[in-house]
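Handing you a structure now.
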Amino acid sequence: MPSETVELRGHIIDSLTLPKVLDEVMNYGGTFEIIDVTIGHRREDPSHARIRVSAPAQEILDTILGRIRQLGAAPVLEEDAVLVPADKDGAFPENFYCTTNLQTFVRCRGQWLEAERPEMDCGIVVDPDRKRAATIPIHRVKKGDRIVVGHPGVRVTPLERSSERNVFEFMASSVSSEKPKGIVIKEVSAQIRAAKKAGSKVMVVAGPAVVHTGAGTHLERLIEAGWVDVLFAGNALAVHDIEQALYGTSLGVYLEKGIPAKEGHEHHMRAINTIRRAGGIRNAVDQGILRSGIMAACVRKGIEFVLAGSIRDDGPLPEVMTDMVSAQDALRSVLPGVSVCVMIATMLHSIAAGNLLPAAVKLVCVDINPAVVTKLTDRGSFQAVGLVTDVEPFLRELWTNLSG
Amino acid sequence: MPSETVELRGHIIDSLTLPKVLDEVMNYGGTFEIIDVTIGHRREDPSHARIRVSAPAQEILDTILGRIRQLGAAPVLEEDAVLVPADKDGAFPENFYCTTNLQTFVRCRGQWLEAERPEMDCGIVVDPDRKRAATIPIHRVKKGDRIVVGHPGVRVTPLERSSERNVFEFMASSVSSEKPKGIVIKEVSAQIRAAKKAGSKVMVVAGPAVVHTGAGTHLERLIEAGWVDVLFAGNALAVHDIEQALYGTSLGVYLEKGIPAKEGHEHHMRAINTIRRAGGIRNAVDQGILRSGIMAACVRKGIEFVLAGSIRDDGPLPEVMTDMVSAQDALRSVLPGVSVCVMIATMLHSIAAGNLLPAAVKLVCVDINPAVVTKLTDRGSFQAVGLVTDVEPFLRELWTNLSG
Amino acid sequence: MPSETVELRGHIIDSLTLPKVLDEVMNYGGTFEIIDVTIGHRREDPSHARIRVSAPAQEILDTILGRIRQLGAAPVLEEDAVLVPADKDGAFPENFYCTTNLQTFVRCRGQWLEAERPEMDCGIVVDPDRKRAATIPIHRVKKGDRIVVGHPGVRVTPLERSSERNVFEFMASSVSSEKPKGIVIKEVSAQIRAAKKAGSKVMVVAGPAVVHTGAGTHLERLIEAGWVDVLFAGNALAVHDIEQALYGTSLGVYLEKGIPAKEGHEHHMRAINTIRRAGGIRNAVDQGILRSGIMAACVRKGIEFVLAGSIRDDGPLPEVMTDMVSAQDALRSVLPGVSVCVMIATMLHSIAAGNLLPAAVKLVCVDINPAVVTKLTDRGSFQAVGLVTDVEPFLRELWTNLSG
Amino acid sequence: MPSETVELRGHIIDSLTLPKVLDEVMNYGGTFEIIDVTIGHRREDPSHARIRVSAPAQEILDTILGRIRQLGAAPVLEEDAVLVPADKDGAFPENFYCTTNLQTFVRCRGQWLEAERPEMDCGIVVDPDRKRAATIPIHRVKKGDRIVVGHPGVRVTPLERSSERNVFEFMASSVSSEKPKGIVIKEVSAQIRAAKKAGSKVMVVAGPAVVHTGAGTHLERLIEAGWVDVLFAGNALAVHDIEQALYGTSLGVYLEKGIPAKEGHEHHMRAINTIRRAGGIRNAVDQGILRSGIMAACVRKGIEFVLAGSIRDDGPLPEVMTDMVSAQDALRSVLPGVSVCVMIATMLHSIAAGNLLPAAVKLVCVDINPAVVTKLTDRGSFQAVGLVTDVEPFLRELWTNLSG
C-alpha cells in the first residue's frame, strides 16, 4: 500500500489545519497514522505534526497529496517541481498546476523559490537559470515558457488567524445587518491608518451607488486627504460623479434636494458627451470644465485610477478601458503594495479585484445587500470582513474617523 | 341592457381615478358613455365627470358598481344602505360589506353617516336611531348588531395626491437603496414636527434590530425629548433593550466593543428572568433595577406602549400581551389621533399596525431589506414612504434633525 | 494557579471539538497542557484527550469550565449539580443553568440523569427522589421546583458529523440559490422515507406562500398519502387554503388562471366569515362546506395540526390559538417523536419551531429568500439543510419523489 | 404669456397618457386649457384631445413641450427638426436630442421620417437627401454627421396597453415571489410560439446559474428544438457549460450527484485551457472535443451567439469578445427581428441587452432575486414581465410546455 510521510507546521490546531488535513485524507479514501504531534501550550506557540498517509493506489495517494498540499501539508522528503514548456501561446500545458491566492513556493534544483505576485486561477512560470518563479495568467503564456505541472515540488503557506481576537475578526465570521457597525468602521479606519503608516497602499473599489446616495463627497474628501492610493471602478461611477459635478444630479436626481431634475434622465448622456468633447477626464480637469467630484480629486491628487468598462456602459468616457484583458492587466499593474482594499457597492468590480488580489490583502466589503457581501467575503480566509450597511453613512463615518 | 349613471368628483384626472374607473368598467365586461366631463384647469381645481355604465346583465352591472364605488364613483341617484342584523356573535351576515381603510360614508334614512375609525377588512355596524356608523372587527360582532350588506348606500373618498410635489412623494414612488436619503430623513423630521405642532400623535413601531445595531440610544433620546407618543413592539425589542441596559449586550454582543460577551447568549434569558422576578418592566423601573434604555424611557415619560407577543418569543416579559386578539384591541385603542407612523426594522409588527391604520395616516417604513419596504408601502396610497437604509444611521440622523 | 483536568471523548478532531475547546481556554485568558491525546486512525474511531486547564483566578477557571462544558469537555472528577428551589412561580432562581438544545445530563446523587425534552433557553428541573430531570420553560416554573444552578454537574453531548459524506451535508455547508437542487430534494425524500420507516414523525411548518404559489395541492397530496404527521402553521396558511377551496383564489388571485378575481381581495375575509359561521374548520369539513385543500386533508386524515396566531391576523379562524404561551405549549406537546422537520416559506413559525426542537431533529428549510434560510439553518449543527428555491416546484418535486 | 396647442391621440385615457401630460404641464409651472376631448366608448376606440399649454416664459414652455413630446403630445403645427453637423468624431453636438427606446419620427423638409433601430440614450442622425433617419450611438458619430438638436420636429409613439387583459399583463404589474407561476410560464411559451410563427426572432440572455442549477440541459434542448434564435451571454455561462460537458461539474460540483469533485475548483480553468488549446469553441466542437451542452448546441444548430466578456472573467474563451464597444456593436447587429427576449439569471448582460432593445420587444426577466427582476422590468412599459423564481424549474417547465 503506497504511503508518504507529510509534515504540518504552524497553528495547525488553532487554524483548523490538522482536522482539515485528516478530513481530506479520509474523504478521498486514504488512511493516516499520526507519527507525532506537538501542540503549543499557548496560542502563539506553533504546533507540529508528522502524519503517514496511505492509500489503496498510487493515483489516489497522489490526489490526496495534491489536496493536502493546498493546506500546507508537504512531504517530508520533497522533490523538484516538474516543468513543461508551453507548446503554444495563450494556453498552458495539460495538467498545469493551478494556483491559489496564497503565498506559494516552487522547488527547483533543490531550492525553494517563492512565486511572485500570488494570484488565483493562474499557472506558475519558472526560470530555473535566474532562479525566479512567478504566477502567470493564461493569456500571457508564450510558447516555450516553463510551466509547473502537477503538484510535486509546490508548497503553499496557509493563512493563519491573527493571535489577537478583535472585532474585525468577530465581524468577519458572519454576515448580518443586525450588528453594531460603528465599531467595525473604527476598526477599518485603524487598518487604513496602519497601512498608510507601514507605507503600503489602500485601494478603493466603488460603484455608482456611492454617488447616487450622496456619498461621493465623502470619498472625494478621503482622496483629497491622501487616504486612497488606488481607485478601481467602472464607467458608471465616473459618469455619475461627473454628472453630479456638472449638473448637481445623479441619474437625474438632484442630490441636494432629492427630487428629479427636468430632463434629468439625459444628464448622464450629456455629461459623457461633454467629457468626450473635451478629450477625456484629465483634459476636462485641465480645461476647468470638471472642477469637483471623485474623478477630479483623483486627477488633482495624481492617484492611480483604473476604470474598467462593461457591456452595459453608455458612452463610455475616454479614460474607460474597453478591452477587458487590458483592463485586468492594468489592474494587476497597480496592485503591488496594496495591503487594504475597501469594496463599496459594486459586485462586478469587487469580484474582479478579488480575483486578482493575494489572500494576504485585507478586504473590507460594504454593501446594503447581504448576498453581495457573502459572495465577496466567502474566500475561506480570515482577512475579509463584510459590512451590510448603507454606503452613505459608512463613508461619512469613515471620513469622520479618519479626519478626526 | 341595464345601466346606471355614476358621478365622479375631485382630482379625477390627476389622481388617475377616471382612467381606473373606465378600466374597471371594461374589465368586467361593461361599456360606458361619458355624458360630460369637466377638467380643472389647474392642479387645485377639481374635475367632474358623469358616466353612464351599462352591462349585459344586472348582476354584472352590480359587480361593476361595487368595484367603482371603491374608487369613489357613486350613482347619481343613491339609495339607503341595506342593514342586516348579525345572527350570531363573532361573525358577519353573509354578503357583508368589507371595508377599506379609506374614509367611508353610509347612507341611512337618506343621510350620509361617516363610519368611525376607518380600518380595512372589517364590517360596518350602524345604529340608525343614534345616527352612528362605525367599522367593527369580526370578533367584536354581537348578535343583533345591524351590519351593512352589499355595496348600495356606501361611498368612499379616495385619497388624493397633495398638490405640492415634494421629496416625500418622489421617494414614495419607488423603493431603492440607491438614493440620497439625508433629504428624506429631513422630510420625515418635518412631518413629525408638523404632527406634534398640530397636536396629533406620532407612533413608532420598532423591531429588535434597533437595539442590535446600537440605535437604541437614539430612540431612547427621541422618547425622552417627547417626539414619540406611542410605541408598538414585540417581546424581542423589550428583551434586548433590557439586556442592553443590564449587561451592555444585545443578543450577547457588547454594543460598545462589538465583541461577544462570555456566556452572552444567555444574557437575554437572564434579563427576562430578572424582570419576571421583579414583577414586570414598570416595577423594575420603580425598584431601580432598570435604569436606562427604550423601555425605561417609556415608563419614565409615561408614554403609551403596546408590546404584542408572538409564537417565537422567549419568556415573555410580564407586560407582553400574549393573546393576539386582546393585543390587536389594545393597539386599536391607542391609534386614534396618530397622524404619523414610523416603522423601523420589523415586518410582523409593521404589517399588524398597517392593517389597523386608516389610509390617511402618513407611514414611513425603514428597513435594510427592500422586500420588507416594498411589502409595507405597497398600499396603493400616496401616504407611505419607504426608506431602504440601515436603521442605526437613520435614527441617529433623525435625532440630529429633531434635536437641532 | 487554580487548575482542573478535563476529558474529551468522541470525534474531537473531526468535529472540531478539540480546537474549539483550546480556543475557548485561550480566549478567556486560561492556559492548557495537553496531558495525552489519542487520535483515531479512521474516521469511525473516536479520539480522546485529557487537558489540564489553568487560569489566573478561580472565577476565570469557572467561566472557562462552564464554556467548554457546552462543548462536551467535562472535569475528570465530577461533582453533583447544585439544585435551588424556585422562590416564586414563573421565574428561575438567580444563576439558573440555561439549556442548549443538545442532549444533556445532570449529575444527581452521583448518578447521571438525562434531561427529558431537550429545548434551548430553558432551565432544568430535577426530582432527586424519582431520579428524573427535565427541561422546563420559564412560565411553567412553580415555587419549590428544584432548579439546576450553575454549570457543575451538567454535561452535554455535542452533535457529531455523520461518518458518511452525502449531498445533504455538503448542501448544509452553505446557502446559495446557485446549486443543483434536484439532488437535495431526492435526499430530503430519502430522509422522510427513513423517518417513516423508523416510526418517527415528520413535521411540516408552512407559510401562506405555499398556497399563493399554487403549491397547496402538492402539500394536500403529501398529507393524504400519509407523509406528514404534524402540521404547524399560522392563521394565514389556513385562511388562504380555505379561500382557495371556497373561491379558487389565494389573496384574490385565481390560481388556475393567474388573474385577479372580481372583488377577490375580499375573499379571504368572506372565507374567514364562512368558517366562523360554521363554528370552525372541523365543523366546516363535517358539514360539507369545506371539501378540499390542506386543512380539509388534515381533518380527514386526523393528523395533528397546531395553528398559532399572530398580531397581524385577520379573523382569526376558530381553531387558531390566539394565546402565544398556550400555542407554544400545544406545539411542545406534538413534538415528541418528530425526527424530520420541513420548514417552507415562513420565517415566524419556523423560528418558533426551531426554538423548541432538539438539535438532533433534522431540519430542512426551504425559502426563496436566502436571508431566511441563513437565519434558520444557522444553528451550529450538522442537521440543518437550507434550500434557496421556489416553494411550488420544491413541493411538486417532493411529491413526485415520494409518490414514485 | 407664450402658449402652444398640442394634440394627443390613441388610448390616452386607458394608457394614462392624458393624466401624465397634464401632470407634466403643471409640474413645470405651466397651465393648460382643454380645448376638446373625445373619449372612446370602448377600450378599442382611440381617444383624442387638444390642449392649449401656456407658461410664464418661452423657456419654460419649451421645457414643457420637450417633456410632453416624450409622451406623444405633439404641437398641432409642427416645424422641421434642427440638424447640426457633428464637429468631431465620437461626440454629439451640444444640446443633441437624446433618444428613448420608443418608435420615433423626425420631421425633415416637411416629412416625417421614422428613425431606424430605436435605442435609448443615443442621438439621431439624418440624411435629408436620402430621406433617412436612424439612431446612432455616441461612439459611431463621424465628423459631419447631421445630428438632431433639441426637441422640435421630433415625435415619439408611446406604447399602448394591449386591449386584451391577460395574465402576462397582470404579472407585469408587480414583482413578487408569492404568485402562481405555472400560468405565467404557459403565457411565455405562447408568446414564444407566436413569435416563431410570425417569423420573428427569440433571444435568450443567460447567466452561469443556468448551468450551476442543472438547467443547462433544458436550455440545450430548447436550442436543439429551434426555439432560440440568438443567445447572449458572458464568458462564465460558456465556461461552466463546457466544464459541465467535459467534467460533469459546474464550479467543481457534480451536477448529477450534487457533491464537489476532487480538485473540482480547478475544472473551470482546465476547461478554459482545453478550449484555448483547441483554438476555440467552434473548433472544439468540430474536433469532437466538445460534444454536449449549450454552446455545442449553438454551434451545431448554427444559431447566432454573442459572448461578451467582463472584467471578472477567467481566461477568457477565444470566442468571448473582450472589447466592450465591439461587443455592444455585435449585439446590435443580431437584434433586428427579435420580438421576444427571455433574460435568465444575469443582471449584467440583461441590463446590457435592455439598453439596446426597442421598447416594443417583449421582455421576460427570470431571477430568484426580486431586486434584479425589479431593476430589469422597471422600464415604464407594459412589455416587461418579471418572474421571481428558481431558474431550473422555470426552464424545465418552459421546455415541457414548448415540447408538448
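Each chain carries a letter (A, B, C and D) given by its place in the written order, and its residues are counted from 1.
As a convention for this text, contacts are C-beta pairs under 8 Å (C-beta built on N, C-alpha and C of every residue); 3 or more make two chains touch, one makes a residue touch a chain.
Because the structure is a prediction, the values reported are computed rather than measured.
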{"item": "Most distant chain from subunit C by Cα centroid", "value": "D"}
{"item": "Chain centre separation in whole Å, for subunit C relative to subunit B (CA means)", "value": "33"}
{"item": "Subunit A-subunit C separation of Cα centroids, rounded to whole Å", "value": "39"}
{"item": "Distance from subunit B to subunit A - Cα centre to Cα centre, in angstrom", "value": "46"}
{"item": "Junction residues of subunit A - those touching two or more other chains", "value": "165, 369, 371"}
{"item": "Overall pattern in which the protein chains touch one another (line/ring/star/complete/other)", "value": "complete"}
{"item": "Subunit D residues touching subunit C - in the complex, by the definition given at the top", "value": "165-167, 170-171, 177-184, 187, 208-209, 212-214, 250-251, 253, 255-260, 368-369, 388-390, 392-393, 396-397"}
{"item": "Subunit C residues touching subunit A - in the complex, by the definition given at the top", "value": "13-14, 16, 18-19, 22-23, 26-27, 31-34, 37, 39, 41-43, 165, 174, 370-371, 378"}
{"item": "Sites on subunit D touched by subunit A in the complex", "value": "28, 63, 66-67, 88, 90-92, 94, 96, 98, 121, 138-139, 234, 262-263, 266, 269-270, 272-273, 276-277, 308-316, 322-325, 327-328, 331, 348-349, 351-352, 355, 369, 371"}
